[in-house]
Structure formats: structure tokens, C-alpha cells
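Presented sequentially are two complexes of chain A, the first with chain B as partner and the second with chain C.
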Partner chain A sequence: MKKVLALLMVSMLLLAACSSGSSNGTESKKDSETNEITAWAWDKNFNIKALELAKEGYASENPDLKVNIIENAQDDIVQKLNTSLSSGTTKGLPNIVLIEDYNAKSFLQAYPDMFHPLTGSYETDDFVQYKVEATSVDGENYGLPFDTGVTGLYVRTDYLAEAGYTVEDLQNIDWKEYIEIGKKVKEATGKRLLTYDPSDLGILRTMIQSAGKWYVKADGTTPDLADNDALKLSFEIYKELVDNDLMNFHSDWNQFLATFNGGEVATVTTGNWITPSIKAEASQSGKWAVVPHPSLPGMESVNASNLGGASWYVLNVPGKEQAVDFLTKTFGSNVDLYQKLVNEIGAIGTYIPATEGEAYQTEDEFFGGQTIISDFSKWAEEIPQVNYGMHTYAIEDILVVAMQKYLDGQDLDKVLEEAQQQVETQIK
Partner chain B sequence: MIQATTKQSIESKPRKYNNKLRLKNGLIGWSFIAIATAMIGLFYFYPMAQALILSFQSGAGANLQFVGFDNYLRLFTDPTFIAAVKNTVIYLIIQVPIMIILALLISVLLNDKKLKLKGFFRTAIFLPCITSLVAYSVVFKYLFGTDGIINQLLINVSLISEPIQWLTDPFWAKVTIIIAITWRWTGYNMIFYLSALQNVDNSIYEAAKIDGANAFQQFFKITIPMLKPIILFTSITSTIGTLQLFDEVMNITKGGPGNATLTISQYIYNLSFKYTPDFGYAATVSYAIVIMIVIFSIIQFKVAGDKNA
Partner chain C sequence: MRIILNRFKHNSLFYKMFFITILIIVTVSTLITWTTFRMSEKFFIDRFSLNNSKVMAQIKESLGTFQYSIVIASNNLMNNGTIKSFLTGEHSNVMLGTYYYNVKKQMANIKTSVEAYDVSILVYGINGISYATDRPSWAASDEALHNHFITTNTLRQPKKLLFHLEQQRNQKQNDRSIVASKAFMEPTSKYIYGFMYFTIQEKDFRKFYSSYTSLGNNVLVMDQSGTILSSNRNEFIGKKEPELLKYATKLEEQQIDYMDADFKGKDHLIMVEYLPTFDLYLVNLIDKKAAFANIIDKKSIVLICILFIFLAIIIVFFASRGLTNSLSNLVKQIGNTPKNDFDHYIPVTGTYETRQIGLAFNSMLDELHEYVNKLVLVQKQKRNAELAALQQQINPHFLYNTLTSIKFMVQQGGKEEAAETVNALISLLQNTIGNISETITVRQEIDNLKSYVLINQKRYGERIRVNYFIEPECFEIQIPKLILQPFIENSFFHGFNKKNGGTINVLVWKEGATLICEVLDNGDGMEASADNKLPITKRKQAMFSGIGVRNVDERIQLIYGEAYGVTISSKIGEGTKVRISLPVQKN
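What follows is the complex of A and B.
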């Protein structure tokens, strides 16, 4: 009988431990005098290094604050935020987190009050306008803009020369001209024009943003597919690239890198963050140049667009004042930090005063002496601002299917109409 | 002598004591399973009930509201969900029979008394099963890349002139997934058949041989009927496994191109983590899988006959 009692007691204890554990978790520390903050970001060579540079600079003036920098994969950050925030607990979450611009509004609107507003804590006019729009909800500013995803058209000058073109011929072209050049280049060199992952419609996003359009209307919630002329034209251009066999397909990042590092394509059209990967193939030094992103022909569209890019957000947890102080004194105002970011990791910020600095004027020998950083910053200021809304990836998965149907020969209007209907039922 | 005394002593004990003993034994028994039961209740049934409640709610992230049966109705009009179900059914119809037939054939070959190096072959075929799902998926992704080793091999032996788009063509991507899961799970099913075959009395085969039955007749008239319960078991577990397919698709094709290889489990992942999270609808899709597994299992029991259940 004693054994039975003992067993029962143990099991009671265990159950009691389980239940008390969860009730303790909800009590949060009310200590605003924390001198330790944590920041999450992805990409060791880019974002993490940027944070470390910022930490160094901050520590020289504010030695009391301890900043923990933790590297997580971007997908992991998204998952951890979603699971923690939806269960209503902020335990274990960092003070500062990096969120991709396309995802930002999804978090800000899905979890109101979980993020600390930054309105007024830094000068929004000092930042590139499209970034400010991407980090705000209902007029309240939640994010401190970080890197820009400003796009450029990376071109192989040697392949162009074989087809009789110079870099000058590619300045400020539109997509139709781009395709014509591509046909000639393929004839002369046998190389395709560009490479793309068919499940990733980043190229469409860059096309429509250059015309100031997005998958949703300016309110961020109304799907804008069926009557979106820019999107329609982008679909047509995409099909033309595929039909003329100018598009090479890859299925993951490593194949992507291998394709242009191996000299398989004549151009790469993507965000400036690809620069380090292009330069990774040292033997191609001097053979590359960067020209402005192609515009959409026949409509209001600029030779500048954006792909990716992220911003810093502060979570509404103890230590938020310190976190805001850290961010505003580093990424929010420190011109020298941005020079270091350019010199040491090639990260182009969106802080306009920093573009006057020396590092931005450096000539890059790999790109034949072009001042690419200054060029990119110039283009970044031209990027039309759009409201990304909170459903970019959900809509894009539907569009990937629509694109497949369109490439198979279905009518474009019908395909987009169907996509529009599907999006309307899916996002509420 | 000892036996006699014990028997006597038990008989002489009063009945009351016997009851007490039974009660004590019963209590000890219950206490052994009490913790496990409580834990299963806490970690299995409580989340299941919560998920069921969740499946009647909808909204972005933390802003969930009760919507009644809306989520379940939405399933029927959601083209992505329908595409995911279609893909899963295609995997099911094509991959499960191929795998079971292969596993059966291999196990019969390995059961051959005269086969040498039996241990080596058995290990070699079972080995894929102990590799991590993610690790083998990544390897397959590289094998089947446009300039991967499979394409190079096929081009070099002049079977094809252009590389096959194993990962970016809607048809070939499905083929790649089917090849991958067949490679991974055939050995696992084979082990079940092998152990069942070793329980089949050899005298049945001897009798059949004396009666003049050839190898095919032995296989179809003896081996298959004797293995019927195991075949049923493996086809049910394979069906459940296929309905829950996630790691391979996530790592090899990410569901693409388009939704050509998307599975239901991956759609749940996308709804929860890739898009603006709608955990309510994601829970509804999970319950759709539960319902489908139940239906498929009932069908398989009926087809195979209830006696073997």
C-alpha cells in the first residue's frame, strides 16, 4: 500500500509541477532598468556583422548596456515569432528583431501591441521613403529601416561586346529593349539572358514596383490582380522571356550562384545584395557592370525597383527603451557606421545623409571602376513607394500557379481573373 | 511435498484476503499506467481538442474569431487545398503500390535459402530507412538538379539529349518525389515482409513443390495469402505516411513548380508560417487529413476483408 501511495504522490507532484509551471510563465518582470538586450537577425556575413559593427560603436559611448546578438535563419525567426506571439507570450523573444519588408505588415497587423512604436524616435525624412512606408501601419512607425533591396541589372560586358553592345546601350532601357538585346546576345554567344527560379516571382515584384504597383491596392488589403495593367504587362514580358528561350531555370540558391559564376547567363537582375556573390568569382573581375533596372514599357515606370531588404523592429518587452536607444543611436543616425557597413560588408543602408560619405564614392575594380554603391543609392531614392500589405507570399503562391497556366497557353485575362477570385476568398 | 503445502495454504486463506490482494494488485497496475495516461491525455488529447476548437476559428495571427463551419466550407472552394489533395492522391495511387510490390519482391528474393551475403543485401536495402529525412532529401535534390549526376548519366549513355527538368517541370517534379520516397521507404516495408516470411512454415512450400507448383504459383498462392495481414498493415501505414508527407517535398521542391508537388502537410506549414498566419484554417486542414486517413483506412480494411483486421 505504501508503494501505491508513493506512486500516487509522485504523479500528483508531477502534475502539480506542470500546472504551476505555466502560471509562473505569465508573470513578466516589471524591471525597466535592464542592462541587457537581445537582437535576432539572419545572415552571418551581412546582418549579423552589421549588428556587431553597431554594437562596437554603441559600446564606446554606452558601456553599460550588454547587447546579445543571436543568429537565426530567417525562416526560424518567422516561425519563432509566429508561435510565441500567437500564444500571447513574449517570453524568450528578443528586444530587437530583423524582419523582411514583405513580411513586416503581416506581423504588425496580426499581433497588434506586441511591437513597440518608434514614431518620433528617429527622423523618418532621413530615410528612403519607400522603406518608411513599408515599416509603418496606420500612420504609426514601427521599424527602423535597414538595408535596401534596390535592384540593378548586372551585365557581362564581354558577352555584350560580342553581340556589338556597350554598357551605354543598356542605360535606362525598358524590358522590351532588354529582350531584343537578349536575343542578339544569345545569337552571338549562345548564352541565355538571365536565370530564374520558377517558384519565385521576385522578378514580377520588381517589375510592378517600378510602376508603383503591387499585388494589392494602396490600402494594403484589396487584391489588385485582374485590373492591374503593370502586372499584366509583367506576365507578358515573363512569357516572352521564356518563349524566346532567354530564361534559364534553376531551383535553388546554390544553382543560382553556380549559373552566373559559371558564366552561363549574360545578365543577373536582382537586388544589390547579390554583389558579394557576383564578386565571389574573382576570375570574372572587370567583366561585369551594373546598369539601372529595366522599366516597364508604355506606362509610368521608373528605372529603379526593389527586391527584398529588411528593417529593425522593437518588441514590446522589458528593455524596449534601451533597444530603441541602441537602434536610434546606431542605425538611426550614425553616418560613420554606414561608411563601415559599406567598406566591410558592402551593405547599402537607406539612410540618406550617409550617401555623402567617402565610402559610397569608392570605385569598384571588379565592375570596371564603376562607383556601384553610389549608383545604387541614387537609384534607391527613386524607388516608388507601395503598400506591401500583409499577404505578399500568399498571393504570390497563387500567382505562381497562374503563371504556370499562362505559360501553358491559357488566356491571360482569364488566368488573372481566377487568381483574383482565389485571393479574395483566401485573404480576409 | 512443498507443492502440496502451498496448495493447502492458499486454500485455507479466507476469501476476504483474496479480494484485498486483487484490489492491491489492481491499484498497483493502475498506478503504473496512471502517469502515462495522464501524460497522453495532457499532451495528445488536450491539444487535439484544442485544435478542433481552433479549427472553427479564423483570423490573422492572434486575432482569432469563431466562424462556425466557414473554414470547413472554405476547404471545398480552396484551389490550393484541392491541388494539394490531388497531388497527395497521385503520390498515394502511384507510389504506394510500386513500393509494396518492390518490397514484396525484394523480401522474397532475400528469403531464398541459397542466397549468399544475405546480411549484406538486407542491410543495404534497409539502410535508406535510417538516414535522416532532410539529409536524403537534400542529396536527392542535388542528384536530380538540371546539371546533377542523374541528368549527366542519362546524357552520357545517350538516353536523352536535353537535360530533364527534374525539379522545375510539373510532371518530372512529381516523378522525382515518387522516386525519392520509394527509395527511402521500400526497405522499411521489406523488413516487415521478411520477418513475416520467416514465420511461414517451410513445409507448405515443400508440399506445393511436390504437387508441382512453380515459383510463380508458390508466390501468388502461398506467399501473398500468408502475408495478407502484413500487406494490409504496411499499406495502411504507407497511406498514412503519404498523407502526412512533408520533409521530402519541403526540401526537394518546396511544393513547386507552381503547386505541382505541394502536399497537404506543406500547405498547413505555409498557412501557419509562410503566409500571414491563419492558425484556425491551418487546424481545419489538419483535421481534413485526419478524416481522410480514417476513410482510407476503412476502405483498405473493407477491401482486404474484415477477418484480418
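What follows is the complex of A and C.
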């Protein structure tokens, strides 16, 4: 009897113990043979959507691989990468990360070991060359090009017509011709030629890249301001636009959209990613056209340039093989995916074979039946490749000040000389 | 059914005990569980209110820091000449470009004070020009800004830093922001030249307190009109809750830490902290059920309780069954003991108590036995003595009658006859009175019979003849005295009242261990009574001794037991047969 009682007691204790502590879950352990990769990107409607389309396409290739897509603000991604990489750890970092081309070099040069080289894993000749350059360091390719920031000149055909111009008159013009047209248009319609944020020098970047120049020399580190003819000419053109009151000013993105959606300016010169915003004002359908970006007059310059754009990078963390496989089989070679990207999110890739696809040949009624995707793709291939270097935004901050000085009437050479010195001391 | 009822009856002690124990266990467990719930809830409420008032103080402090940074920024904006000239007067396009550049630079400086928070600064001048560090969606166009309720509100109270909730209804849920607004006012002339707006996304504002919230533990920020500006619960935001405002003012007035109140039909614990610089209430709304239900896992406690009760009941069942079983067995045994079967002893088992009861019962049975045996013995002896006395007693009438007969014989000259009769009388008296032993041999009894028959034949004539058929080996067998004589006597005096004469046959033989004596007559016979007993004779004076036919049976049974005795069968007109059975006993 005593034994039976003791047994009962023990079983009661056991039961009580069991009922309380059974929730300690199992911890899944990840190893190098992981079947899960993570990708970081910004912009839910653009980059994230592109990733999702890629994931969809990849599911038929390798259904076992789980792709986690995580949205982070671009600044957060930059910050997290900087924090983790500078402390020498890749813990908590994703397998795939999207980096803006202007920023890419600063990471690739500072932490080359942390990134997994993609050289040879995809056909670089299939991509537009300026993107390949932007994703490479020391002959080693680290990134898979994604969207192009190929620029175009969006023009209001109705305003041009008022001033007696047709779209044909604007094909492959240079900035001088552009300003002259602008003057006429303003006379005829009272509308300024274009609008810009005085603290954003994106317009300068497009100008100098069309001439194959950048803020730095081809090595990516030596500042190239004072003796940069293209830059000097760009400054002069900018001032001329301002002085002739052809430049409207806005202070933020919303004002920017409001200006051209409200019909306040005759043209918009920027990257192709503005297309959805232009088309947002449905009442202006048929009144727009896209012509090639103006070139710099009097020097070797093409009617094509770039503004923005980003590429995919693979970090040197477990699962990199899977990540590379994912990227090369989607963005690296899938023509259909690029058709979808165009159709569903209006993203123009830099994969040349894709331009033969049907989606690229679609005529856009908003732009008077122009095949703008195809045009942009064509121009993208012409963009001169430059080495963006590591310091694009740092230099630009200094140039914004220089521009104001120049607009205030200071001597351009002096202004650029000062800027050159300032940059040299700052980015050493 | 009957069996169950019987079982129940036999085990009623067990069932009573068992059910009472169950009742007590269940009641006690329920009470303890309930009390535990109440106490722990009370404890948690106390802890919660203590903790949460600390948390509220912390939130208040961080909100204060936040507000201070906005105040600094607003002061800087107010004192900034560039911004003032930007917001006043007309600007040409070229100038505007320069202004944008310069204002951006100034703003970058001013923004440093609110850098820690995701706050966007928007300034809007009376000249219709605005500048935003990060233009919020609610102020998409200058026109919208001009007509916005925040602008009109700010114009009404230009000196105050006002907090508003701005909801973009047509868009997604998360597009809500908290806007702090103030007017640009010249200190001396009170001239209002613009407005400043500090916009923080509601979901960012929430970060001040959201880490302290949990399921059922909600925080909300409410303005003086009862409108909820911010909450960790989306559904509250933008709603007007006058009920809550009433509680808040009450708590604030009475300076109480917390109160229990009914909110939206649920029991809530409400704590309120007034933020004077914001002119807002910080409300901590704790849904008791949701918050505490999670802490105390009532379900599993109740389940564990039930399990323990169940186990306890099983233990109680077996334990009390063990205890009461011996008792109820004992009761059953005792109950089964028949009224006159004192030999039925009960087994001594079970606990000490039941064993003692069993022993006591058994020893009581022993004593009873002994007593009854004694009593039977005494009764027997008494009866024996009585019978012995009766058989010593020779009826005086018999002697008197016999002697009278002898006198007549002598007078008539029958000397021989008289002597014979006297001898028979002597032998009869000798054997009955003289012999003190209780039993005599068959031979002696037959002699007695012969003497008695002789005396009677002398007196009443020889119309009744008596024959003796005795098995020779039976002569020495011992039998009680005067055992046949009463039947002979009976036949003589009652058997031949109608018939004039007849025969009486006396037969004695042995059947195994039994001695059979039969007295047969061929007289009148009689109505056989149901119990085979002889009718009571009234003629006492005719009897030889105190022993009558009725006593014989009684005597035999007293001496030899119930296996022996007298049986009588009779038919009217044919005669009577008396059969006596006795054990064979020899000296």
C-alpha cells in the first residue's frame, strides 16, 4: 500500500512538472547547407515587387529554396551594412542586398572580403556596360545589375507645338540648343523649361556622365573637379538655365511632382523611373513624349546618361551559393522575368537580350504611341561607363555649396578650385 | 437494482464517508483555487499599477524630452531671420532657388534638435510658400495646407504648441500622424507671418510607449476633447471617448493612482497621467480579463486541480474502502447470524477496532452458549427431579382399591388368590418405590407389568388378556422405570369401554441400536389427534403412579434426546398401537 501511495505521489509531481514547462520550443539550427536565403531591398512597389516576381520565377527552378524578402529603408540598409561590415561581422546580414550604384563602390572597396564575387557566374556582356563597371572593383565583378537609371528628356509636345517645335526638333540635341528651345517655349507659353531642387545636383551628374566624366577620375578616388571641363560646362549651363529664368525651383519631391503634373514646366529631365509619376496625371495623356537626353556641346558627349539605379550583391555568408544561383537564374538570365518587370512595375532592366522581348516593344499611348521602353533600353546601352568611386554624395555636398557661390556671381574656376581643395582634404 | 440497493445498504458507511470526503475535497479545492485566483489577481493588479505608474512616469519623461526638442526647434525657427524673410514677402523664381538652398541649410541645423525622432518640419508662410524637410502626405499642396484644420486651429491659439491627429482617410490605415503646430509670431507686434508643423508618424510616436504595452495593457494619448491621438491599439485612434475623458478628469482631480472602471463593457484598470505641456492625457488602459488571464493560466491550474482531486478521490476511495470494508463485513457477518444459531462465530479480521468488536462478539457468543447450556441443564435436572418425584409417588387410591380387593378375596376365602395378589403388590411396590435407580431392566419392567396386570385382573376380572412377546436378548436392556405401565393402564381403563373383552399385546424387540416396545390393544380405538398424543385422563384415582401416558414421551426425550419418543396410532373400533423407541443401553 505504501509503495502504491509513493508511486501516486511521484506521478502527481511528474504531472505537475510536465504541465508547466513544455513550451520550450525546439531551436532550429542553421548550417551552411541552408535552404533559406534572405534578401534586403527598399521600395515596396518597385524593388520588393521585382524580388517577388523573381522568387515566383525561381520557384520552378528550385522549389526547395525559401527566399525571404525583407523590406528596409535604403538609409537603414546602408546603415546596417556599414555597422555590421565595419565591425567585421556578417551576422544578421542577408544573403542578397540591393545597393544603389553610387554607393556600391564605397562598400566594395572598403570590405571586398565581405562580398562574394560573381565574376563568371553570369554573362557580363549581356548587360549594359556602365552597369557592369559600376558593380566591379579591381576587375572583379561583385554585383548583378538590376534597373537602369537611364535618363531621357520628357517633353510636353503641346507646349512645344505652341512655340513651333515638333518632337523631331528635339532629337539628339545638346544643352545649348535645349536652352534656346526653352527660351522660345517660355516666350510662347510662359512655362519654364524644367524644375529642380537647388540642393540636388542630379542634373550635373547626368551632364558629366554623358561626357564620360565623374566627380572623380577613372581610379575612383582622385577628385576631378577643378580641371574637369565637362563639370565646368555643366556649371555654366546650370547658371544659364537659372539666369534665363528657365529653371523652376522646388524644395521636395511632392513639389516636384506637383510642378510637372500641374503643367508648370515644359520638360522633365531625369531617370526613366519618373515615368509612372508622369503618367499619374491621366489628363495629360498624349501630351508627352520622351526624347534622348541632351548632350554637352563642344565636347565628346553622347545623348544618353544615367541617374540612379541599383544592383544586387551577394554577401559572403552561408548560403551564398544558393543566393548566386537564385540571382543568375532570375535577374541574370530570365528574359521572361524582365518582360514581367516591365509590364507589372515598369522597371527597365539592363539585360540586353530582354530588350528583344514583346513587352519592350509595347507602344505607350500616354506618350503618343512611342515605344519608350525600347527607346530607353537603346539609350541605356549608349551610356558611357564611369567609375563612380566611393564618394559621390560627399563630393556633391561640397558642390552644392560651390554652385550657390557660383550662382551668387563668384568666378567659376575659383569656386571649383576651392571645391577641389575641400574635397581633397575631406576624403583623403 | 435490488442488489445495488442492498450493496448500498451494506456499505452505507463507506458511501457516506466517501461522498462527504469528495464533497469536502472538491469544496476545499474549489475555494482554494478561487481564493488563489482572486489573491493573485489582486497581487498582479497591485504590481501592475505600481509598475505601470513607474512606466507612465517614464513615458511622460521621454515625451517631455521629445516635446522639449520640438520647443527648441520651434524657438530656433522663430528666431531664424532667413526663414522669416523666406516666409514673408514676394520672391522671384531665382531668389526662390537661393532661398530653398539657404532654408535647407538652416533647416538642417534646426532639425538637429529633433534628429533623434522621425520628425519632419514643415514651415508655411503667409506668402503661400512652404518648405518641408520631408513633406508629409497630409500637406501635399500649399492649398491643402492653407485650408487645413490644423492651420485654422493654430491661428486661433497662435502662442501655443498644439498637438493634433491627422488622418488620411482615403489612404491606408497606417497613414496617421501626430502634428505639433505653432504660429510664427513677431514677439512685439504680435504679427503672425507663418506656421510651423512638426509631423511625426503616429506609428513612430507610438514608440514612446509601445514597448511597455502588452495584450490587454494599452496606452493611449488623449486630448482635452476626449479624442484619442495615439494608441498601441489602432482601433482607438481618432475616436472620441467622452467616457474615458470623464475617468481621466476624475482620476486627475482626486489624485488617485488608478481606478477600476467599466470601459466598453469590460472591466478595466485605468491609470492617467496628465501631460501639462502637451495639454494631453496619457492613459493606461488595462483590460483586466485580457491582461491577467494571460498571466494566470487559469485553464491549466483548474486542470491540475481537477487532476489532483481525481487522484485524491481515488486514494480516498481505496483507503476508506479498506477501512470500512472490514467494518461492513463484520456487520454483514453479525447480521447473518441466525437468532438461535449461536455457534456461528465471525472471522476476526480488519483493523484493530473491528478485530476487537469481532472478538467481543465471539466471546459474547461463548458466554451466551455457556449460559444457555447451563439453563438447559438446570431445566433438565428440574424436570428430572419432578418426574422422579412423580414416579416415587404411588397413587393412594391404587393402594386403597388394591387392598380393598385383597380384603374381599380374604373374606370370600380365596386365600391362595389373596396371597398371589399381595405378592404382586409387594413386587410392584418394591420395584417402584424400593429401587432408587432411575432405570431398570426390561425384565424387571415386564415383571412389574405382570404384577400390575395380575392385580387389575384380580380386581376387574379376566375379560382383558395380556400377552408378552419379548425378544430374549432384550431382557437385560436398561429402560426408564414405569415406561410401559402407563400405556397398559390406559388400555385397561379406556380401551375396552364398549367392547366386553380383548387382548393387550406387549412386544419388545431390537432394531439395530434402537429398542422398540409396542403396546397393542384391539379395543375401542379412538380419534387420533393430530399430534399423536393421548387424551388427558381425568380419572386420577385410577392411576398407579404420578407418571401418566403424557409424561412418558417427555421423559424419554429428556433422557435420550429428540430422536426417541412415543408414537401413537389408533383406529376407532380396531384398537390402539403405542410404539416406544429407545436406545439400546446395557448395564
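One rule holds in what follows: the second predicted complex is superposed on the first by the 398 of 428 C-alpha atoms of A that agree within 3 Å, B and C clash if a C-alpha of one lies under 4 Å from a C-alpha of the other, contacts with A are read in each partner's own complex, and residues count from 1 in each chain.
Criterion: a contact is a pair of C-beta atoms (placed from the backbone, for glycine too) under 8 Å apart; a residue touches a chain by one contact, two chains touch by 3 or more.
None of the values given here were measured: they were computed from a predicted structure.
Of the two partner chains, chain C is the only one touched by A:Trp253; chain B is not.
In the superposition on chain A, A:Ser199 contacts both chain B and chain C. Within the superposed three-chain model, A:Asn82 lies in touch with chain B and out of touch with chain C [touch as defined at top]. For chain A, the partner touching the most residues, choosing from chain B and chain C, is B. Within the superposed three-chain model, A:Gln404 lies in touch with chain B and with chain C [touch as defined at top]. Applying the stated contact rule after C-alpha superposition, one finds that A:Ala280 touches neither chain B nor chain C.
Of the two partner chains placed by superposition, only chain C is touched by A:Asp245; chain B is not. When both complexes are overlaid on chain A, the residue A:Ile70 reaches neither chain B nor chain C. Shared interface residues of chain A, touching chain B in one complex and chain C in the other, are 1, 8, 15, 197-199, 249-252, 255, 400, 404. For chain A in complex with chain C, the residues that touch the partner chain are 1, 5, 8, 12, 15-16, 19-20, 192, 197-199, 242-243, 245, 247-255, 258, 400, 404, 407-408. Contacts from chain A toward chain B in the complex involve residues 1, 3-4, 7-8, 10-11, 14-15, 18, 75, 78-79, 82, 85-86, 88, 106-107, 109-112, 114, 197-199, 249-252, 255, 390-391, 393-394, 397-398, 400-401, 403-404, 422, 425-428. The touching residues of chain B, when paired with chain A in their complex, are 24, 27-28, 31-32, 34-35, 38, 42, 58-63, 74, 77-80, 83, 141, 145-146, 165, 167-168, 170, 253-260, 270, 272-277, 279. Interface residues of chain C, counted against chain A in their complex, comprise 93-94, 96-98, 100-101, 103-104, 131-132, 134-135, 140-141, 300, 303-304, 307-308, 311, 314-315, 322.
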